[in-house]
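Accompanying notes for the structure given below.
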Amino acid sequence: MSTMNLEPVPGRTDEMIVNMGPQHPATHGVLRVVLGLEGERITRAVPHIGYLHRNHEKIEEARTYPMVIAYTDRMDYVSGTQNELPFVLAVEDMLGVEVPDRAKKIRTIFFELYRLASHLVWMGTAMLDLGAISPFLYTFWDREIILGIVEKTAGARMLPNYYTFGGVRRDVHPDFFKDVADFLDHMERRMVDYEHLVLESPVVHARTKGVGVLDQERAVARGVSGPVLRASGVAYDVRKAFPYDAYPDVEFEIPTSPDGDTYARFWVRFQEMYQSIRILRQLLELTPKTGPYKGRAPARLKPPAGERYRAVENSRGELGVLVVSDGSDKPYRVKHRGAAFSNLQIIPDLFVGAKFSDAIAILSSLDPVFGEIDR
Amino acid sequence: MGLLGSDERPRDVILGTLDDLINMARSRSMWPLTFGIACCAIEMMATWDPKIDADRFGMFFRNTPRQADVMIVSGTVNKKLAKRLRRLYDQMAEPKWVISMGACANQGGPFRQGYSVVEGVDKIVPVDVYIPGCPPRPEALLQALLLLRDKIADRELRYKKPREIPADYDVMAEPGKDGRLPVL
Amino acid sequence: MRPIPIPEDRHFRPRLIGYDPQKSRPWLERTVYAAYVFVFWLIVIATYAGVPALFGALGWDGGWGFVLMRVLQVVLLFLLSAVIALLLILVLRKYLGKVQERFGPMHYGPAGGIQTVFDALKLLAKEDFVPAAADALTFRLAPAVTFVASFAMFAVIPFASGWVLADTNVGLIYLIAVSTLSAYGVLLGGVSSGNKWALIGALRAGAQMVSYEIPLALVFLTVAVWSGTLRLGGIVDAQLGLWNFLPLALPFVLYVIASLAELKHIPFDFPEAESELIAGYNVEYSGMSFAFFFLAEFVELFLLPALIVVFFFGGWHGPLFGIEPGSLAAGALESLYFTLKTAVWVWIFLWIRATLPRYRDDQLMEFAWKAMIPLALFGLVLAAYMRLIWR
Amino acid sequence: MSLLQEVWQAVKAIGTGMATVHKRVYEEAPTEFYPYVKPELPPVSVQSLALVENEDGSERCIVCLQCERACPAQVITIERHRNPEGKGFLIDRFDIDLVNCMYCAACVEACPVSSIVTIQDFEMSTYDLQTLKADIDFLHEQARRARQWYSPKFGVELRTDDGRIEKAPPEMQPGGLAEILKPAEEVDS
Amino acid sequence: MEARVKQERLFDEDVYTVHPDDYRALCERLKAEGYDFPRAISGLDMGYGLRVTLHLTRMSDLAKVTVRTDVPYENPVVASVTDLWPGVEWYEREAYDMLGLRFRGHPDLRRILLEDEWELHPLQKRYDTGGYPLPDWQPAAWPDPEPWAPPPPPEPEEAGEAGEGGEAS
């Protein structure tokens, strides 16, 4: 018997089972939450995922290592090259490929650019869920500038397939550094506007303060990571915990907020955008204009048998990948640990007891992307 | 069918012009359905951002299938979603069209060999315009919307009807990839 | 065999009415708006001055003639509401476009002028079915009730001195009665369409309308107490020297907030919360029935700012430059003043719609009962006291 | 009177928000009117694929099946037969299923002679899918129509008006100039 | 219980390979040691049986640990650790959905990514990418567990130091 729907409890007559189905403007993709509503208050919430299950892991078992990079782009499709990095780092560890320093810096620049792009998409859709129409357009225009810069270098806008074992596939465009510098100035002017429209708006305060509070122990026990965990007061960031690429030679803080409600998650993502701008400014000075962009990678990529779990801090949290190789040129098993998958597990805890409009605000503050959740 | 005109009416000069006026109105105010599935949905949203702005052509997102004319299938359709997608298509009011956006919706794209992916949305709903790309540029989607506009407004293009798909098409009944244990 | 490499139809052939604007032409957009307002003005003059003059000349102003004149005026007012809807939807989308760093409808007609005409024609030819779960009669009735409720407000709106359909002495009470009627339309529509989202939207609409009728009515009372009459024409005449929004500042602010809630406008957008309830009460409506809900919403978007102007901004008052009042020219000029003042307030409402997100609906109810009603009462007492010592 | 201050803060914040929104009306909107102003895309932009012939019409492709092996979505199907007189192979069939292609340019990376290249023709929407099942004539026609294309080995190449192929000037080349000037065989795949 | 746990160091984390019966006891011990952040549970099909890999992190000193246990195809049942770390609830459901690993004591073991009426577990090696069963696939022989030798006692240092150091070390 399919348990896709909630069965009405015989005792409760005033509960209405509502199906916030795969097609709903506020579910950021294809999530279905079956809610038990008493008036506006939610009594039961059962999330159903799997509507975008594209069999990443099974297909990747039949593809060679360079091909799998193209597939990892399609997982967290809002933050393009951030998904490629854990797989590339894991295979580089197994192969023992050393990455030139300039390539590391270029990778980190793209990593932080896509963090800004992902947070901009989040802010646009979160404010759209709260009812404000205009910020959505401003954030998408900023994101267009980022995608323009990336397309000039990598060739594609959203899913560029730009990283490869040992560095990046192609050197940056000659006026790449000037574009990024102009974009950062533009972004700083825009952040002032976003402060007025998002963080200082009393309506946002009324809708998000004290809504969906997630305390520290439950957050850690639930395996939540990223801005959602840092909004509950835990300063855990893979860029500081297990540094990779060029993060050791730039300094930045990890914004945390003690009170763990939806406004804290909005605020933490906002501060992360400031930190990303700061990192990018430092990287622009540190990166030499010309130099090697790709290390020596063996022609036939056959990593030795073994397994390697490598994690990276993408815009949603800890994105890890477990690569198991059996010595052939195809990975034996690739397991992607998406941060949004763990972050979505707290929906039943946060939804029950909240009002229906709060549930929309909470869901948009978790920022789920379903390519990474359903794999 | 619609109040004033349907495509099967006999073609005579007087009604023809009214029919063309109605079809021009339908083509000049196509309201797409907010139904984003995967990566192509982000590029679909980017089509309405300040740089490309499909609102210039009167296209305005509607959330309910009842008030939407065009369903843009933007992303991979897997077996779990296929039934809901077909129900959404049936709920849309009659003069409706479907745009299949991106490689996954055209014929499964890079995931077509997967066990739970439906190879092409034209197995489930009749599709009018296909857009290649993974994901296609926002300008490509806008070009497809304008091609659909020409199809609706242009008399001879209007009668190239995609083949009708039976409503009770059971996606799970596809040979092989049906999720059932093999009968040994 | 596969067709030869690049078939012709694949290359894009732009087919357009209109022209290809390389850059926006602001003056063209303003002329389009001016054209619409001019048509609006012509219809107003026709209804309030043309038809009575015509019937007077023909001598048909007897019993039946008078009824026929009123019917003709109502038909003209229906045409007026159609023009209002076409103009306001276009202005909303253009202004939202401009404010969001893009252009609104641009390519159909001069600067997108006839975009809404196409929308209306398309909705006319759209399939308009009744879902199985809905009970058919009330489902059909609801859009009509909503439109009639907001359309009925035209009866007492004075466009110029004497230019009003029903110059009754109980204008304010009529307004209160009619504005609650539109709440029924929304409730009927939502509950009867057999859809859970519409049900939630309808219940929210009911709660919101009820809890905002009371501050609305209290503000009406304050204005009546201050200007000493219930007749709208009288209220406007009482403001000859001093517009009401200065002495009645607090009721004015409360009235703006209450009319935002009455309109189900963005900060209080709960019945039709696009991002939460899919489309609130009009989830199941398509084609012409949805068009009537849309029409009702935008006619009300014109009427409530018109009421703000009537109560607080001196209705049709404006410098007459020596034209002796009461004549056709004076009426035309006064109705123009009235229209322009209303246009300013419609723009302020659109500006709010482009900026603010949406409150939670229980916060709003709490705000209505705990803050608005006491303040409205205080405003009433203050107005009465000021009237006692001033007038 | 913290309530009054609170209300005043709220009103001021709403005011600044509305001012931020309205000041956009007086700024120039960044919209490009797409169908009338075609976007100029960078030369490396992967919008579609093409098969380049040499100037004299002979085939550049040496049918080494590298691109077929490197394609993640497995959309390239090539049939070849051994060349009767000379060495090497001749193409029987070279199909790229542009419907299911991922546009990740892995094939262009893998091609040793940069015969398969990326071009910037993104207007490929159609009413029926068969026009996108590209065969060798389609790919040659696309290459003949393309003004410029890019491949990692030879960088950006231009097609002059009289059909000759020449290398683009350095400022049009994407980054990694050193890599392009290096002779082909030294570069690892 | 100590006899059946093999510990090794892999890149930057400790890896415990344990018998399925002691899996639960080891997890409780790790929980007591302070490993509070459950990163993920990965299910693998090793050809001879299924393997559960539990990845944990200790928030205090960021130490990482991985616990592995192998179960045969016939009864792929492992004790569930959802009550110790609620974060692995969906990962266990996904392992069940993809590989058929049953977790004893899981509050709500349903399929998470596929529909409920699916019967096969696609990530097993017996199926190809399309979900078709590979006709000539045979499970490999279960590897005989290497005899677990306790670590050799530290051999005595050279004569010189032992004298001075005494038995302090």
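Order of writing sets the labels: A, B, C, D and E. Residues in every chain begin at 1.
By our rule, a residue touches a chain if its C-beta (ideal position, glycine included) is under 8 Å from a C-beta of that chain, and two chains touch if they have at least 3 such contacts.
Computed from a predicted model, the values in this text were never measured in an experiment.
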Shared touching partners of subunit A and subunit B are C, D, E
A correct list of chains touching both subunit D and subunit E reads A, B
Of A-D and C-D, the pair with more C-beta contacts is A-D
Per mean C-alpha coordinates, the chain lying farthest from subunit C is E
One chain's C-alpha mean falls closest to the whole-protein C-alpha mean, and that chain is A
Cα centre of subunit B to Cα centre of subunit D, whole Å, reads 26
Expressed in whole Å, how far the mean CA point of subunit A lies from that of subunit C is 43
Between subunit C and subunit E, the Cα-mean centres are separated in Å by 66
In whole angstrom, the CA-centroid distance of subunit B from subunit E equals 46
Shared-interface residues of subunit B (touching two or more other chains) are 49-51, 53, 56, 63, 80, 110, 113-116, 134, 137, 143, 146-147
Going by residue number, subunit E touches two or more other chains at 114-115, 117, 122, 127, 129
Residues of subunit A that touch at least two other chains are 25, 50, 53, 55, 58-59, 62, 70-71, 134, 137-138, 141, 159, 197, 201, 203
Chain pairs that touch, by label, are A-B, A-C, A-D, A-E, B-C, B-D, B-E, C-D
Given the complex, residues on subunit D that touch subunit A span 9-10, 13-14, 16-17, 20-21, 30, 41-42, 44-46, 70-72, 102-106, 109, 118, 150, 152, 171, 174-179, 188-189
Subunit C residues touching subunit A in their complex are 96, 99-102, 196-197, 199-200, 266-267, 269, 273-276, 278, 353-363
Contacts from subunit A onto subunit C in the complex sit at residues 16, 18-19, 24-26, 37, 40, 127-134, 136-138, 141, 197, 201, 203-204, 206-207, 355-358, 360
The subunit B residues in contact with subunit E across the complex are 79-80, 113-116, 172, 176-177, 179-182
Residue positions on subunit B within touch of subunit D in the complex are 50-53, 56, 103, 106-110, 112-113, 122, 128-134, 136-137, 139-140, 142-144, 146-147, 151, 157, 160
